[in-house]
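Lettered A, B, C, D and E in written order, each chain numbered from 1.
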Amino acid sequence: MSTAIAIVVLRDLWSSVILSGIFSLISAGLFVVMDAVDVAFTEAAVGAGVSTVLMLGTLALTDTSEKRSDRFQVLPLLVVLLTGAALIYSTLDMPHYGDPYAPIHLGEPANTYIYKSSNEIGVPNIVTSVLASYRGYDTLGETVVIFTAGIGVLLLLRRSCEMDQEGKTCVNEESHS
Amino acid sequence: MPNLGLFNYWVVIVLMMTGFYTVIARGNLIKKLIGLNVFQVSVFMLYISMANVKGGTAPIIFEGAKIYSNPLPHVLILTAIVVGVSTTSLGLALVVRIKEAFGTIEEDDIRRLEEEA
Amino acid sequence: MIADHLLILQVIVPLLAAPLCVVLRHRMLVRLFAVLVGWVVFAIAIMLLTRVLNAGTVDYNLGNWAVPWGIECRLDSLNAFVLLIVSGIAAVVLPFAPHTVKDEVSGDKQYLFFAAFLLCLTGLLGITITWDIFNMFVFLEISSLSACALISMGRSRRALTAAYQYLVMGTIGSTFILIGIGLMYMMTGTLNISDLNDRLQRLIIVNQVPMFVNQTRTVIAAFAFLTVGISIKLALFPLHAWLPNAYTFAPSMVTAFLASTATKVSFYVLLRVIFTVFGVTFAFQSMQLNTWLMPLALVGIYIASTVAIYQNNVKRLLAYSSVAQIGYMVLGLSFVSVTGLTSSIVHLFNHALMKGGLFLAMGCIMLRLGSVQLQDMKGLGRRMPLTMAAFVVGGLNLIGVPMTAGFISKWYLILAALEQGLWLVAVLSLFSSLLAVVYVWRVVEVAYFQEPERPAGGELRRLNEAPVSMLLPTWMILGASLVFGVYTEFPVGVARRAAEMLMGVGS
Amino acid sequence: MISEDAVLLSLGLPLGAAVLISMLGRWPNFRETVTLLAAACLFVTVCTLVPAVMADGRPEVNLLDMFPGLPVGFKVEPLGMLFALVASGLWIVTSIYSIGYMREHHEQNQTRFFVCFAIAIAAVMGVAFSRNVLTLFIFYEALTFSTYPLVTHHSTDKAKRAGRIYLGVLLSTSVLFLLLATIWTWHLTEPHSLEFTKGGLLSNMGSDTIRQQPWVVGILLALFAFGTGKAALMPFHCWLPAAMVAPTPVSALLHAVAVVKVGVFTIMKVVIYVFGIDLLTDTGMSLWLMYVAGATIMIASLVALTKDNLKERLAYSTISQLAYIVLGVALANASGVIGGGMHILMHAFGKITLFFCAGAIMISAHKTRVSELNGLGRTMPFTMAAFAVGALSVIGLPPLGGSWSKWYLALGTAEAGQLPLLATLMVSSLLSIAYLMPISIRAFFLEPSASDVHGDNYHVHTGIREAPISCVVPPCITALGCVVLFFFAERAYQLLIPIVS
Amino acid sequence: MKRHYIVRVISKLLIPCIFLFALYVQFHGDYGPGGGFQAGVIFASGIVLYTLVVGLDRAQQAFHPRIIEILVAIGVLIYGSVGIWCLASGGKFLDYNALADDPVRHPQHGQHLGILLVELGVGITVAAAVVSIFFAFVNRGRS
């Protein structure tokens, strides 16, 4: 949590990027504590790994320190406080942390996932079976998202200096105007 | 003190808002993305903590375990994480291009440049 | 055998077509392939709609897992209609693409461009057919990421910032939606839409007190987060900041496609969440949503139209008018009556047609003239007669002149207002259409009653009319808008059915 | 049945003509031939309908159902019959005139001009025959848009400004009030309907709201009356003087006959067939309309006195004359309505004559101001004679058509016991003498002003110098028409009687 | 990094292990934590490290961008075609039971097969996507 605060405060982008990496790592730890090993695994690999690497890569291409913006906006603060208030408000009727009688633990679909999946799917790791079979369609979507991101980045960053059929010369993105 | 059980949600919410604030208040494009990350990760925490059950174990079936935490949120969050990283990478790519086109990644400067253009 | 799986094929076909584009890579091949896919998807949509109209809703359990364990796709008269719009627009826009894409995206990237386009289509279709709220979120992300990539392909460097803005605001929106989903899931333990609706009315014990799920503060907050999140995606005033830039600087065809589909699908999601998930009683009696939406819509209509009047970039002008038109749809919704919903659903359809057509016309002008600034369009009526004629038709649609589709929407909107006895609203919304007259007529006057000033000394560069492959789609869409302005049985009929279904009356 | 086809034909002819004209743009002579032929055929077609209507037949055609239970279609009834006759008949004369005029003036975009003209006529026919308010509204708007290019024809800044006013006033009134009123009527009727029904739609099928709150009728009437901006009822009259920048044939046919008459015609149709005279007399909700009309009559006449520009003076006289018709309707009694109906006919002939002459003067003597007309009667005897006749008819002196309609109107006011309005009619007739007669007097009895003697128009002394024949014959014909109508007014009366009985 | 021998040697030793671990995660996902996605990321990180060590050019020789790009597509295609295969073999979309030789008595076989393939698809896409994104960034930085 202090990390998060630090991220906001810090102006040097290098350290805030590293910090966000650490933040992901910590949260991964928290996930383990909360019995979400797969998520923790992923978060560690992605948050601490991929994102950080990419961000560092970006920093290498852009500025490394943030300009001090003297303007202090009230509006964002208000929005944030409002949203936070709404969330706190929402918690008041929530089932407590780890409460086994919470709606999501009672009844379907959770129980089937837990007790039937082993013979419906025959895979010990329930997460995997839910991920790949019960909600396989979601995972397909997820894969497509990654694919989209890949395409998007290529569209944006790949240099294209090949001659077109129309004989148009090298299209440099720098020549934006 | 019934609300003790909600304490960890509140922590999550505070985290969320920190991220959210960074997104909408900071002028630096990269910083915005970092904030977005924090925001999303804390939303993930919300999901994961709702999945947890007292005395439960990770939802991997093995002998001697009776109570498992709810696997569904885990799955959802796995997907959400992927979505998050995709967004981040695309955003970063955009930042790089913006830097090339405008020579800065500060919102104010860019806005000024656009007004001139 | 295919017939049973049409519903899922609707999404899978473009979904698999996108990676195939990447594998194919060859420019012409990809273009043809994309067009082909577009029309196949359209055909599927038509078949599905006919089936829904004849045989009622169509269900599809993915992986053959029963609800609530698996993900379900369901098609009723509402989303079948939306499906038709989205796929239809895509089918018309794709043949339009090559000429414009040619001078906006460099040759060796076009296959990526088309792949992204197909992905965007996939996302929108996926959102439309799915009956699982989290799945909706996933496809929402697919569409918005690909849309962001497409927008950033615009010529001007401002396209980049526009795309960034779109990405950030869009992600905030979807994260809000994610929070909303989470809170709702927390209280109900399910993600399937009809299941949610059912469980929201159950009793549960909260802090040792029994109460209905949809009375818990958690669900109320969930409702708020979902509404706000979707409104961002919908560019509902005052959350529309991302839209004008995105539409102005995106490549022509992308603008045409997004303008006539993306916001429509978001509006569909709004309808679905409000009416099918939470239900009329909760949304409008407990939450009083309409008391929020109606003023917002009206203010949005007026401010957006007024801003539109002062734009000199016609694309931006149209973008602001889009914001205003979204206001009309939301206004229709906020009447909470069958007629009101009919009006907004019909307008959803008509506006897709007219805005699509208008932006395609802009594309033609952009191609030939190289600019869509008002002062460059002097005398264009004589230089590009067909294109400008198309623009006029679209403009008349926007104004809502009789015998155009726009008139039908207006008619039902006013009728709905009168049914509710909301005089002021009726008069205001009529008056706002006069603003549309102003901003459309500015363009018409410049194009028809002003002589293009010749460049100093040099002779006026003569323009030839846009290529057929672009004029044809433009006129197809606008022709449709004229036809449906006269033969209204189809759109109005379907819309009314959908509206009755949402309000839970009649069939 | 034959008359159904005739109805469709009377719309199809002008439209077909428009298409042909736009294609024949390169060969002016063919183009003009098409116009003339179309006009002639149209008139004949409309005439074939007369017997059927006289025999209480109501030929009707449906084009399509725009909304469930709300068709777009046509149904000929006496009032519309009369109006269609006037418009189509005068189209022939006008097209002869406009051909000469446009060529003499070497106008630009003549093709566009004739195309729009034909479309406008088609729209007028649509209005005249429309079977319900929706159809009427559709063609009303069509007329607005098709005449816009005619107003901005010269595409000078002045013309464009005029066009803006024209479009602005007509569109905003129609969209804000007329459309609202239409939808409201649809909403108020049980079962929903917009059909023009004998005796009044609202009084037959109006839901309880009507009976419980008569003020609704008042508001609705106001919406309709002000919604038809084309009726140039004050304060929504300013578009008409503005529209005078258009070429004279346009002012002649459209802004003295077709467009403005469409306005008053709409009001008449609505009052007679939507409200029903009885409903209005019972609720007395049309009283205010009488006074608005009366005020318009007076004010417009007074303004006309002050105008020196000939066409503008005529425009204001048109405004006041239109108010006569509205007044007749608002009186909501037989004589009033009949008088109004006849005035559509009579005033049409009179006023178009005046405009023709104005145009002719503009062509040959290049004069647009009243003060320049001294002694013109010597050089342009036929034109000025026709002018005099038309003027007298508009004033309403026997033996000219105008006298009948005024007579019935006066009768109507008397029956309604509205003596102040009766006085208004009298006074305004005097005023009309005051603003029309001087023109003839100057032309015939005054010496040409000195400037002309030495000016370039030396022809003042060189005997007769008329405008081209095709610009002189039409005014003479219409002037003759004024005389003839005095003796055949009976026919019109017979035609109109059914709508009030 | 051409001159830091220690780093190079160590990473040379490390990289194969990383790939091995990635494969383990990929195919052991059914039993322990992990699965296609994590495996993909790890695999990609291996390649990233390799790139850092040997430099971009040699890395791109080893893993040609075009190949990677196609692999991104292939992954999705695998996933989708599994679904289509289910359709073809008479089930619903992604209904793995239909893949089993004997759907009635041993649907698990089908499920196993399906999940395996699907995870493979995910793995390939993720790995390829991450790598190509990384390459894109680095390329941009160089020229």
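To be clear about the criterion, contacts are C-beta pairs under 8 Å (C-beta built on N, C-alpha and C of every residue); 3 or more make two chains touch, one makes a residue touch a chain.
Note that this is a predicted model, so its numbers are computed, not measured.
J.: Determine the shortest chain-contact distance, in steps, between subunit A and subunit B.
T.: The fewest touching-chain steps linking subunit A to subunit B number 1.
J.: Could you give the fewest steps needed to travel from subunit A to subunit D through chains in contact?
T.: The distance in steps between these two chains is 2.
J.: Going by average Cα coordinates, which chain is farthest removed from subunit C?
T.: D
J.: Computing the C-alpha centre of each chain, which chain sits at the greatest distance from subunit A?
T.: In terms of C-alpha centroids, the chain at the greatest distance from subunit A is D.
J.: So which chain ends up closest to the centre of the protein, judged by Cα positions averaged per chain?
T.: Taking the mean of C-alpha atoms per chain, the most central one is C.
J.: Please give the pair of chains with the highest number of C-beta contact pairs.
T.: A-B
J.: For subunit B versus subunit E, what separation do you get between their C-alpha means, in angstrom?
T.: Inter-chain centre distance comes to 24 Å.
J.: How many angstrom lie between the centres of subunit C and subunit E, each centre taken as the mean Cα position?
T.: Computed value for the inter-centroid distance: 36 Å.
J.: Could you work out how far the Cα centre of subunit A sits from that of subunit C, in whole Å?
T.: 27
J.: Can you check how far apart subunit B and subunit D are, centre to centre, with Cα atoms defining each centre and the answer in Å?
T.: Between these chains, centre-to-centre, one finds 70 Å.
J.: Going by the contact rule already set, what residues in subunit B reach two or more other chains?
T.: Each of 2, 20, 24, 33, 50, 58, 60, 72-73, 76, 78-79, 82-83, 86-87, 89-90, 92-97, 101 in subunit B touches at least two other chains.
J.: What are the residues of subunit D that contact at least two other chains?
T.: In subunit D, no residue touches at least two other chains, as defined above.
J.: Using the touch rule from the top of the page, what residues of subunit A touch 2 or more other chains?
T.: Expected reply: 37-38, 42, 46, 50, 54, 57-58, 61, 87, 91-92, 94-95, 102, 104-105, 109-110, 113, 124-125, 127, 131, 133, 135-142, 144-149, 151-154, 156-158, 176.
J.: Name the touching chain pairs, would you?
T.: Pairs of chains that touch one another: A-B, A-C, A-E, B-C, B-E, C-D, C-E.
J.: List the residues on subunit D that touch subunit C in their complex, please.
T.: It comes out as residues 64-68, 137-138, 141-142, 145, 152, 155, 160, 163-164, 167-168, 171-172, 175-176, 179-180, 183-184, 186-187.
J.: Quick check: in the complex, which residue numbers of subunit A touch subunit B?
T.: 1, 4-5, 7-8, 13, 16-17, 20, 23-24, 27, 30-31, 34-39, 42-43, 46-47, 50-51, 54-55, 57-59, 61-63, 66-67, 69, 71, 73, 76-77, 79-81, 83-84, 87-88, 91-92, 94-100, 102, 104-105, 109-110, 113-114, 117-118, 124-127, 130-131, 135, 138-139, 141-142, 145-146, 148-149, 152-153, 156-157, 173-174, 176
J.: What does subunit C use to touch subunit B in their complex?
T.: 134, 138, 141, 145, 148-149, 152, 157-158, 160-161, 163-164, 167-168, 171-172, 175, 178-179, 182, 185-186, 191, 207
J.: Enumerate the contact residues on subunit E facing subunit C in the complex.
T.: Subunit E reaches subunit C through residues 69-70, 72-74, 76-77, 80-81, 83-84, 86-87, 91-98.
J.: Could you list, by residue number, the parts of subunit A that touch subunit E in their complex?
T.: 37-38, 40-42, 45-46, 49-50, 53-54, 57-58, 60-61, 119-125, 127-129, 131-133, 136-137, 139-140, 142-144, 146-147, 149-151, 153-154, 156-159
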